[in-house]
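In the two complexes below, chain A is the common chain; its partner is chain B in one and chain C in the other.
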Partner chain A sequence: MIGLAGLFGTFLPMLVTACSAWGPVRGRKLWTLSLAAHLTAWCCFALVLVLGFFGNGKSSAGAVLSPMILAQSPWSDETSLLWTFPFAALCLAACSVTVSFHFIARGVLEVSRASVAGLAAYLTCILGALGSNHPLLFSIFLAGSLLPRLIFMGMDVRDGRIEAVKETAFLSIVALLSLLISVLAFASPFRDTLGTWFMMERGDRIVLPGSIGISLLLLSAAISAGIFPFHGNARRIFQMRRMERAVPLALQPIFGFVLLFKFGPASFPKEFHDFSPLLLGLFSVGIAYSALCFLGARSARDRVFWLQQVVSSFVAVGFFSLTIKGWHGAQVLLFFQSVAIPFLLLVLACHERRPSMLPLKEVARYPAFALSTALATLFALFLPLSIGFYGVLLVTWSLVGLQQWPLPFLILSMPLIAFAGVRIMYFRLGDLHPSADSGNGGFRDLQRDEIFAILPIGLTLLVLGLVPRLLMGPMGISVAATMRALGFKD
Partner chain B sequence: MNILQSSLLVYLLLPFVAALFPQGASAGTWVSKGTLATGFRVLLLLFLGRAVVLLSTELSVKAVLLNGYPLDVLLTLDSHRYGFLLTAEFCFLLAHWMAPASGNNGGMIRVLVSFAQGFCSLLVLSNNAVATGAFLLLTGTVFFYLVRFSISSADDEAGAAISTRLHVLFYLLGLIMIAWGIAKFSGTGLVFGRNAGSFLGLALWLALLVLAIPLPPWSRWFARSMEILPEGVSLTLVIFLSSVALKVTSLFGVAYPELGWKQKFFLYCLGILGCCLSLGGLFAAETRRRMLACVPSFFFSIVLVSVGVSKSALVLSAYFACLFIPVFTGLILAASVMSARSRLQKMFLGFLFVLVLGLPGTPVYQIFSGIGARSLDLGIGYSVVFGLLWFFYFNANVHMCRRIFMDQEAPEGGADAVRLEGAAGIFAGYGIFLMVLVTVVAQIAGRML
Partner chain C sequence: MPISEIVLLVTALLQGALLVGPRGKSSLKGMELIAVLGLGAAGLYLIFTRGLPAVMPVSFAMLEDQALFRFPRAALLFAGVLLSRVVAATQEIPDGRKPEVLFLLSILAILCDLLILSRHGTLSMILLVLCTWVGLFLGGLAYRGRREGEAVLKFWTQASISLTIGFGAIVLLSLVAGGAHFSVIGEYVKAQPAFSPQALLVVAGLLLPFLMAAGFFPFHFITIDRDHGLPWSVQTILSVMFQGAVATAAWKMSVEVFGHAARGTPAGSISDGLRVLQLCGLVGGFWLALFALTQENSKRLYSAIVGAQWSAILAAGALPTLLSATAIVYSLSATFLWSAILGFVWSRFQERAGSESITAVYGAAKAFRTSGLILLLALASPLCVPGFPGFPSLLYLLASMIEQKSLIFLASEAALLSLLCLSSIRIGTDLLFRQKAAETEGAKAEPFLCYSALDWGVVAGLTSLLLFSGFFWHSALEKIGNAASVFLQ
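After this line comes the complex of A and B, so read on.
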């Protein structure tokens, strides 16, 4: 029953894609249908979380399995959708973001059927990737996400942006190919079947070294997540004309990190153990580099982009620490990133719709706007009222006594974030510009749609920050069970 | 949870609850939700006083943030902290009264003062390194906005610089506190306690102490903030800085009771340098307003001197200094906008003169007598420096009192000087009460601790 809810929630948005292509339903009706479908998907995953992990004394260490088998032996292992607590929580986060997107981009979605179809298909691919229990199934969803991404970026074509679409397409195909080679050559059952391809005449086999497999997997994950040092293309998302279009695309890092968390150490335990110190160093440098760029960023969009890179690098550091504490912190940060970065983009979109930044003196006149901006500050600085604080704390803590040398990079990057964070506190000094004050087209508080888009996820993050054990408790149990199953200890 | 713990919890949450309720447009300066909450907090503290002070009971409240990790918020009230909090609450009441009136962001400023008040008590009571660091991180943002909301357009640039400095300072303090906790108290669940020390831990604590004290010459921001910010905001800032100084110095007694002489000498030298520069600044100040930051700076530097000459785990002189700084700042801010006309005002100024000069029985006397006694123990060098320090402090006070009480130039204040001067009689009466209070608290603390 619970697995069925997850399965239903995953594929329900595809119904919207079909309706968009069909034709008769369009405009406001299509928007309403899409919103209803996304809300239902959200409810399904809320059900999975509540009944699957919190209800009936069920343990957070377990998993919810979908009843539908998507592929069977001998062609593949029994492939289906399977949700552990952290991934079910991420599903809920992804649904929340797309629901918020419906409100912030209502105008776009009511006139563009392609956008509605793209959004729904993209969500299905994300949810599918989060539920996949086999890398081949994951590859299918990763491949499926390419087209919606291109639609989203391509719809916003302006001078030179078509180059961005081409670049994205090229990189995504590289990522997909790397992953496919890695899966077909190293994942069971293909490893045994396709191993005969390399059989020599006398029966000797050429066994591909695991280092090739892990390299391909890491390449695929890094490109998919768009993280340092493959962050160039991810930046394109933040350069679109309409900021709100970037909101669903900010969920893109989920693909890369889910690939790592689900299939990385499980497929290449020895290689991950050997390579992790090097990668830990690389991403520690990545944190310091991203923090420096965050400090030096000139526009608000760039600041959000570099903040995303900082968080992604922290997730990577937590992951490569290969400790329970590090993984716990990384999973928390991945959830935080999946909600907080879209939240920052939503706030930024609202800012860009106004003629000028809100001056401090006018804050009391525009309370909803001021509250959303203050919340953005709270999240951008990893302050203790957001779960980002606990994620960063656990990741850094995991390195104490384990790998001390990356610590200076992490510690030095935090003051840089503090300095840079001052400029993300969007209120400006001085008076309201005369043209922006009152009257038609002047400065205005958040409108109803903007409030529906921003405040629910902002307040959700705030509540999770105030009561972190609500999310982090079950997540910790689940992560510990996973790590122990993989043979890692704290 | 018994009634005492419930009262402590209510005491801690009140400012946040008060900040969340909307302020009515008709709310006046004297009776606002902030002042009401502070009054109620004082009553709760007085209620808790019997158990904490007379029966020497330690009251604790604990909140579990996350199972499996030592990230609990552990708050403990003992007699040491009680004395500071009681004095601080009365100072916060003064800060609420001095805060800008409604309009021109007055409402927001009052909300932020309430937040600062709430975090101040949480910081003083917290016993867990991560929780303490977290409160410092949050306070950085509170003061960032508090300063930004407070500054007038003419001081935009200076105010922006101060707010940024405050935000980064508290952020760094928070980070260092957390790092220190992880480096030193990992084995004891991040709860402050006696533990095997490492060089890294000691270095972090020294950094924490030096950063926590607004020490000349790198505390120009502090002097500037006293000059341009409204009186209520300046006072809030000073109260909070005192609580940070108290926290860090009290941790000295917990974590490093046997600090090496080299580290102590380093702190002592820094403290003496800060004292000299503060007094120099006081003599060189062109306006009354510019003088205001010099004496709090001097007493903050005295905190380092106290730790530098300390022998016992509890640095009493530093405790008295932290107790006295907020009261003194409140009084001097009130005096700076006052023309001594009425009898009450003249009485207030006379009492203030007695208090700051350091006659026997006053907190200033207790501060200097503690440092003096230890200086005598440490040898002739320390004794000579101490003698000179007291001499110059005495002279500086005479100079300051002459400027404030006897100069013919008009009183000068911050943005709200005119409004405050209108209520000078009330402030004078309250100031006399504060002076008596701090003297009584210091006397009781001197006997108990």
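After this line comes the complex of A and C, so read on.
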């Protein structure tokens, strides 16, 4: 029953995609339908979490399995959606973000049926990817996300940026092809029939296959997550005409990291063990580099982008530490990134709708705006009130005693991030250049739709920051069980 | 002869009868209707009698109705139905000449169908030359000035060289191998060492006419130049029906003749003939895909991406295994359908804009919403998007390349397919997301690009078939796989 709820929640948004192609349902009606479908999907995953993990159903180390959805001989055996606690929590986060997006982008969604269709299909693909228990099924959802994302981005792209949309789509195809080759040659059950293609004459398997397989997988993950060296491509998302469109697209890194967490070490345990110190070093340097760029970024959009890169690099460092602590921290940070970055973008979108920055001395007159801005900054910078703080702590801790040399990069990055982070608070210090609207009510406080968009995510982050055990407890148990099953120990 | 051929012959005869009679609007309508019904009925027959054995094989075994090839043949005929609607709607060909064009379309459909069935070198060469000549006449009927004249001249050159090379090669092969039937040549090839002069002679003799006639590498540039001079309707017929049928026939012939590895080579290795065809596909595909990326002229762009797609499919079919045969046949069938739908919508856009440049139709899909949706579906089909045939095609093509155990060829095929996807993305983004060009202004007055009810019916039917085969790919590929195992035996 719980599995069915998850399955229903995953595919329900596709109904909206179908409806948006149908003429009579449009405008406010379509928006309402879409919101209802996304809310229902959210409820389904809340049910999975509550009944499946917090209730009497499964323990946190277990998983919720949906009925079989794919049986494609010879490609894979019975394939279905399977949610462990961290991925069910990410599903809930993704649904929350899209629900919030409905409020912040109400105007856009009411006039653009293509955007509604794109958003709903994109969410289905994210939820499907999060639940996939076989890399082929994951590939199908990754491939499925290509067209909705292309449409969603393309509908509002700036004229000069059309090439960037093409480039993004092309890179997604490269990622998919890499993944497909990796899956076909190295994933079970196909590995048994085609995996011998690198056998040498004497029957010894040469070193090449594993390294090729892991390279293709990493290439696919790096492009999908938009991390180094493909971070430039991810930056395009933040350059659209309307900032709010970047909110659901900020969930894109989920694809890359889910690919790594679910199928990376499971497919290439030896290769990951061999290569992880190198990659660990690379992403440690990446954190310092992203922190420096964050410090030097001139526009608010760029700052959010570099902050996302910092968090992504932390997730990567945690992942490549291949320890229970590191993975635990990385999973927490992945959840944090999927909620806090969209939250920051929502606030930025609200800010961009206003003619000027809020003068610091007038903060009391616009409490909702001021509070949301301050909270977004506090959460995003993984300060102690934020769940991200614990994630960073775990990731850094995982390196102590394992790999000492990346630690200075991480420790040096912290003050840079904190120092740069102050600049993402959208307050004007002083009133040196009074604008025409200053003091006469031209600056609006948050409107009802904006509050509806920001409040649920803000509250979630606040509650999790205050009671981190709620998320981190089951997540830790689940991660430990997964790591032990893969043969890794702390 | 198979029943589908009889249906096609009746269609051509009925059209011929109408051509002889008095001309007028009603006779043109009749021609259009007969084309749709005849080609459609033959295609439906092929789909629904898939499991039946060959109805009437010709006594001297020149033709064989293989169950495996009923899928691409049906797709070819369905593409013909849609392309007949392009002819009916075009303003580039005067109404007075449309009946002849429709008649030639039916003739071309019969010839292409027979070419796929052929198992004899001489018959294949005759059919190739006849197809080329029908194409030549199609180009001639569209003659309006110097450009069309040049295109016809290029076509004539192509036809003449195909004829000379083809028949010269067949005579030579008959002398060397003791016959021109594919099975006889196949036996001769089996006895020769790989890449020996005798084997290479057979490869050149059999493949060159096919490559020349359809404009595959190393003759790919002729086709691009030629198609540029022809009207959209004729160009789409040649790029989709003719080129696709030749690609299918060339692969079928190669598997029948070179399917067995040469003497002295280990089992599972690729034979010389299939390797040459693969190289032609890869090199030509790359050339055309890269050419498409830089092209502003829509006609050249269309020819390039469709040609590159055929080439990419040929490049993957070098190892005649179950997986490979399934991949090739499914991909060929899907390409017939999506390229015809793409040509149908794109040609309307360009004709409406009155220009051949793609810049003239920027944002056209936004202006013509319904056509834009169909265009999006056609462009998404070659992409690796689930629900469309591109995804299973890609999956199976890559798997068949992995079977070949060559990393270089696998990487090349993957690169080629990704370049093709990039071309599709490029066209899609230009037509969907760019600001509307001045040429498409005022589009709201005619939101459906003047499609008739028949157009709607045909497009809806083919799009549904495309989506159905893409969504239920497993059952489609299972059926093709069953037929492929019979063919490979």
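One rule holds for everything that comes next: the second predicted complex is superposed on the first by the 460 of 490 C-alpha atoms of A that agree within 3 Å, B and C clash if a C-alpha of one lies under 4 Å from a C-alpha of the other, contacts with A are read in each partner's own complex, and residues count from 1 in each chain.
The rule is short, and it goes like this: a residue touches a chain if its C-beta (ideal position, glycine included) is under 8 Å from a C-beta of that chain, and two chains touch if they have at least 3 such contacts.
These numbers were taken from a predicted model, which means no experiment stands behind them.
Once chain A is used to superpose the two complexes, chain B occupies space next to chain C without a clash.
Within the superposed three-chain model, A:Leu15 lies out of touch with both chain B and chain C [touch as defined at top]. Residue contacts after overlaying the shared chain place A:Gly144 against chain C, while chain B stays out of touching range.
In the superposition on chain A, contact of A:Val174 is made with chain C only, not with chain B. Of the two partner chains, chain B is the only one that A:Gly473 touches; chain C does not reach it. Vectors from the Cα centre of chain A to those of chain B and chain C enclose 160° in the overlay, to the nearest 10.
By the document's definition of touching, neither partner reaches A:Ala368: not chain B, not chain C. The gap separating chain B from chain C in the superposed three-chain model is 42 Å, by closest C-alpha atoms. Chain B meets chain A in the complex at residues 64-69, 71, 104-105, 107-108, 130, 134-135, 137-138, 140-141, 144-145, 148-149, 151, 153, 156, 159-160, 164, 167-168, 171-172, 175, 178-179, 182-183, 186.
Listed in rising order, the residues of chain C touching chain A in the complex are 373, 380, 383-387, 391, 394-395, 398-399, 402-403, 405, 407, 410, 414, 417-418, 421-422, 425-426, 428-430, 432-435, 474. By the touch criterion given at the top, residues 360-361, 363-364, 374, 377-378, 381, 383-385, 389-390, 393-394, 396-397, 400, 411, 414-415, 418-419, 421-422, 425, 427, 429-431, 468-469, 472-473, 476 of chain A touch chain B in their complex. Taken in their complex, chain A has these residues touching chain C: 21, 72, 75, 140-141, 143-144, 146-147, 150-151, 154-155, 157, 159, 162, 165-166, 169-170, 173-174, 176-178, 180-181, 184-185, 190, 194, 197-198, 212.
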